[in-house]
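Once you've had a glance at the structure underneath, I'll fire off some questions.
Chain IDs A, B, C and D follow the sequence of writing; residue 1 opens each chain.
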Amino acid sequence: MPTFEELLRTLRTWGQWGPDDERGALNYVTPDVRRRAAACVRQGKTFSLAIPIRHGSGPQAGGARINPLHLMTATGCDQSARVDLGMGAGYVDDVLVMMVQGGTQWDALCHVYYDGHLWNGYPATTVDARGAARGGIDKVHGDFVSRGVLLDVARAQGVECLGPGYAITTADLEATEARQGVQVGDGDIVMVRTGQMATIGDFADWSRFRGKEAGLHWETAAWLHERRVAAVAADNSMVEATAQIPGVWVPFHMLALCNLGLHLGEFWYLEALARDCAADGVWECLLAAQALPIAGGSGSPVNPIAMK
Amino acid sequence: MPTFEELLRTLRTWGQWGPDDERGALNYVTPDVRRRAAACVRQGKTFSLAIPIRHGSGPQAGGARINPLHLMTATGCDQSARVDLGMGAGYVDDVLVMMVQGGTQWDALCHVYYDGHLWNGYPATTVDARGAARGGIDKVHGDFVSRGVLLDVARAQGVECLGPGYAITTADLEATEARQGVQVGDGDIVMVRTGQMATIGDFADWSRFRGKEAGLHWETAAWLHERRVAAVAADNSMVEATAQIPGVWVPFHMLALCNLGLHLGEFWYLEALARDCAADGVWECLLAAQALPIAGGSGSPVNPIAMK
Amino acid sequence: MPTFEELLRTLRTWGQWGPDDERGALNYVTPDVRRRAAACVRQGKTFSLAIPIRHGSGPQAGGARINPLHLMTATGCDQSARVDLGMGAGYVDDVLVMMVQGGTQWDALCHVYYDGHLWNGYPATTVDARGAARGGIDKVHGDFVSRGVLLDVARAQGVECLGPGYAITTADLEATEARQGVQVGDGDIVMVRTGQMATIGDFADWSRFRGKEAGLHWETAAWLHERRVAAVAADNSMVEATAQIPGVWVPFHMLALCNLGLHLGEFWYLEALARDCAADGVWECLLAAQALPIAGGSGSPVNPIAMK
Amino acid sequence: MPTFEELLRTLRTWGQWGPDDERGALNYVTPDVRRRAAACVRQGKTFSLAIPIRHGSGPQAGGARINPLHLMTATGCDQSARVDLGMGAGYVDDVLVMMVQGGTQWDALCHVYYDGHLWNGYPATTVDARGAARGGIDKVHGDFVSRGVLLDVARAQGVECLGPGYAITTADLEATEARQGVQVGDGDIVMVRTGQMATIGDFADWSRFRGKEAGLHWETAAWLHERRVAAVAADNSMVEATAQIPGVWVPFHMLALCNLGLHLGEFWYLEALARDCAADGVWECLLAAQALPIAGGSGSPVNPIAMK
């Protein structure tokens, strides 16, 4: 097995889709892939894979990343409306202040860099206070629609939730595939379930997300590349396991996001979908997980919808 | 034809889905409707129907509603990261401050009220500074997935853009159906094109949205009800035409939103989809227009995806 | 000594300055008081009594109240300015998102209410989503200029910091006066030092502010009234001691703010001023603690300046 | 008279207070200056020189700079409080979202740069997404307390308001001094009145601030330097006149702020103070115009208080 440094040097898709490409692995999602994805809708069921956006609440523990603020500028209690609508009518309006990356979201390709470069070799300095000129979420906001495949690693291992810091290997992923009878392939958006969201109650107890978290081992980047996966999401805060390599905070991010152009989905809520898939044995869906078109955004909040 | 006051008194679905319902006309979207909607995906094409979210830019003209602020808290230019990731790595992060209703969006059922009541008879005072206890967008955030039908009224009338203040009648809608060879029905999300978005250039010139706008006549609420439409969206700022009835600011909102529980989609960008539909003569699609799960929100930004 | 309930019923200045007054005890600050206050400036020294406003940092522990966000919209690193100033010039701009009450601040008279009324009997419902029509900080934003008197209770008791939950009594205040050789009187702004700010290091360790805090006993409201104090501030989060009366969260707020119209200053940084006063034995100053003119605000951030 | 380019090369205080200084001309404010300033308080009168901070209202015309948002998170109308205070008590809380430079404010020394440098030669790149490491407002937030001298140029010229684009010269300033019988000197904060604020009604009509504005001619930077002025403020949006030199947007900013380290105060409301000074013939005051301690801020909102 190659070392992390070897993979970092060799596992790379820069230039694969031309020097100006900003879609990365989303290029694997062809019309043909989407047509087949739509055929996954057999019962007309839908599942929302997002955690709520609640004022002053959520997985962020304080510090530089806040939980959302949801602020009403007009309510049904105001003595007289700001604007006269006639007929004793009134309206309700609100403002949202949120980290682009605070809850259920996509990381854009510009979200992480090393040695001064984003994916495809764009200089990190192309991201300044005006946002990302390269690799922003606005370059792919409508592209996250494909076949979704859920790999329920926790269930495959017979546990409610993988242990703190558990690093899911390629062997684990393939064992899950085998157990579920599903095969990840071209243009799929892979969703990995660690079971962490089973511990949060009414989206209120985020303690499990604040220490060591279970998630992908950095080596799985090679497997995701080989399978030509379009994007990967998980029910934890960083897709990858925490503290895999001393001194390297997010090795999987480096390989997947910076080297391979794989968008990462974080804080996805997979509980209801997983129960349904376990019940009917069908682990694929049409996944509509489009981002908001935030110009130069390093990511986007998203409400992914799985249709079966 | 009944008067507005008569319709206001008689055209009403309060209680139709029980005293505690908060989904309104979205109840028309059954699994069966969704299964048929998915069958609309024949070519694997997708269209994003959202305008960009750009810092300090957009359709809002100032005053109490602002255009979005997109604010970077970490960039590729910072001399040293806020957090040490090791390996010379860095990250990019950002904050979004936006009106829930500032760009491409859904109005929740709590967005407008009259005589002290929201749709289904909930008291307007259930919406306070903590958000909407009733009729918030969080009650339906995953439900906006159905067959989408585009009614290109502008194209049907042979104009680039309907005139300022033009009020689209039921007859106009039916003439458009006939011309397009499509029939609006049970659980559809109807998208009405006035052509206003053809005038904005690179999403920069919003002057057409600041005077009198073309949009639906209030009387069309009856037709949408009769056809059991699930929701209705348009490429203008309020779905309805401006200044239809002296002293009543938004008569269609009263009928559609407060009386019928019809969610309204505003500032939808229909240009590319309309060109495609005109080219192939197919005016239906699978529409995934899920909202963000904003707890108690009066609406939500949305990036609707039409799949054909 | 009267009980809390007795004081709540009897200690009240509603109507004292007329039915429309919104200044409360600040009425005690007359031109004459201010002229004498200015005479306290003998050496030309100034002390800032505010804690820093730092991005993502401060005394708030999460939940519905956030620490400030300081967000740059233009920096010296952007590759090209948003606006061309000519001459290779550039500019720097920023946005502040903050709780009005998150750091060093004034509570406005509208900040707390009970039995449906604000100070002077204004209905609590005069404060709606549009802000406070009555008792907002904008009604007094320029009025917080008077003689300041520091009562260093911690130093008077020979401790670095009063113990958790210690409730400062009238006897404590008078003992401090006696020890310092100063007399609180007409129109003074009283600053009470518990010593809690001595524990925060570089404004980074706020643990002392998150459990039980030392502060004023509710009974001191009577003494402050008797002395005709204009406003009172302290180096803790609520001026008063925490958990004085079971089931009544903020009894001093009820008496001082709602009943007496006394503005309260919280999170004041008194360390440097206290050292100087201890050194020269002069415990009075000219205090300029004007608020920002936030229309309808429930308070305001403030940078109080003490001049000696 | 030297040309602008000559002044730009020669009129410079970099290094005058050492290579690490971040106070600039505020160094002229000595204890002695402050003691004399306090002696200006003769009647105990105060004047607030700030415009209101109102939700969705103010001098900003849209685009990247917004007017303030004032957003209530708890009001007197909420059906039940977010937090139970006991006793039927409730509280009111609010959030402020504002440009640091949107209303009455100070420009910090880091606010403008040219040729890659801030005042005192600090690299412009010391200002990044984390704020200004050099020249931020937090380095001087308590220093803006000194003698204030109002130069009412409009009144001296016998007009309500100087004409659009009128550039006030050194001769104009000296003529105003002579007419008023006042002499600007060491450590003074000079306030220049153009009369523009006489045109805004109830802080609602800002049209006069959106075209060409009256303000200081760039040449006055030399005079302010010679007089050892500590800072300068005006009742317009940029202190200086608009469009003085083709292709150079803000020549006075370059000289005063970047070259001389002179902090600039903008959008100051001088109307009431000016009327009082005209009435009693006394044009000096004790000015307390402290900034908020915004770490790394490019400026700060301020409520300047003039005491006479």
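A few remarks follow.
What we mean here is this: contacts are C-beta pairs under 8 Å (C-beta built on N, C-alpha and C of every residue); 3 or more make two chains touch, one makes a residue touch a chain.
These numbers were taken from a predicted model, which means no experiment stands behind them.
Because chain A and chain B share one sequence, their contact can be compared position by position; here over half of the interface residue numbers appear on both sides. Taking each chain's centre as the average of its CA atoms, chain A and chain D sit 46 Å apart. With centres defined as mean CA coordinates, chain B is found 26 Å away from chain A. Counting partner chains per residue, chain D has residues 55, 64-66, 69, 72-73, 75, 77-78, 82, 95, 97, 125-126, 128-130 touching two or more of them.
Chain contacts here are complete: no pair of chains fails to touch.
Those residues of chain B whose C-beta lies close enough to touch chain D in the complex are 55-57, 61-67, 69, 72-75, 77-79, 82, 97, 125-126, 128-130, 133. Only residues 30-35, 38, 41-48, 50-55, 64-66, 68, 70, 72-73, 75-77, 82-101, 110-116, 118, 123-132, 138, 141-143, 145, 247-250, 254, 286, 288, 290-299, 301, 303, 305, 307 of chain C touch chain D when the two sit together in their complex. Taken in their complex, chain C has these residues touching chain B: 55, 69, 71-73, 75, 77-78, 95, 97, 128-129.
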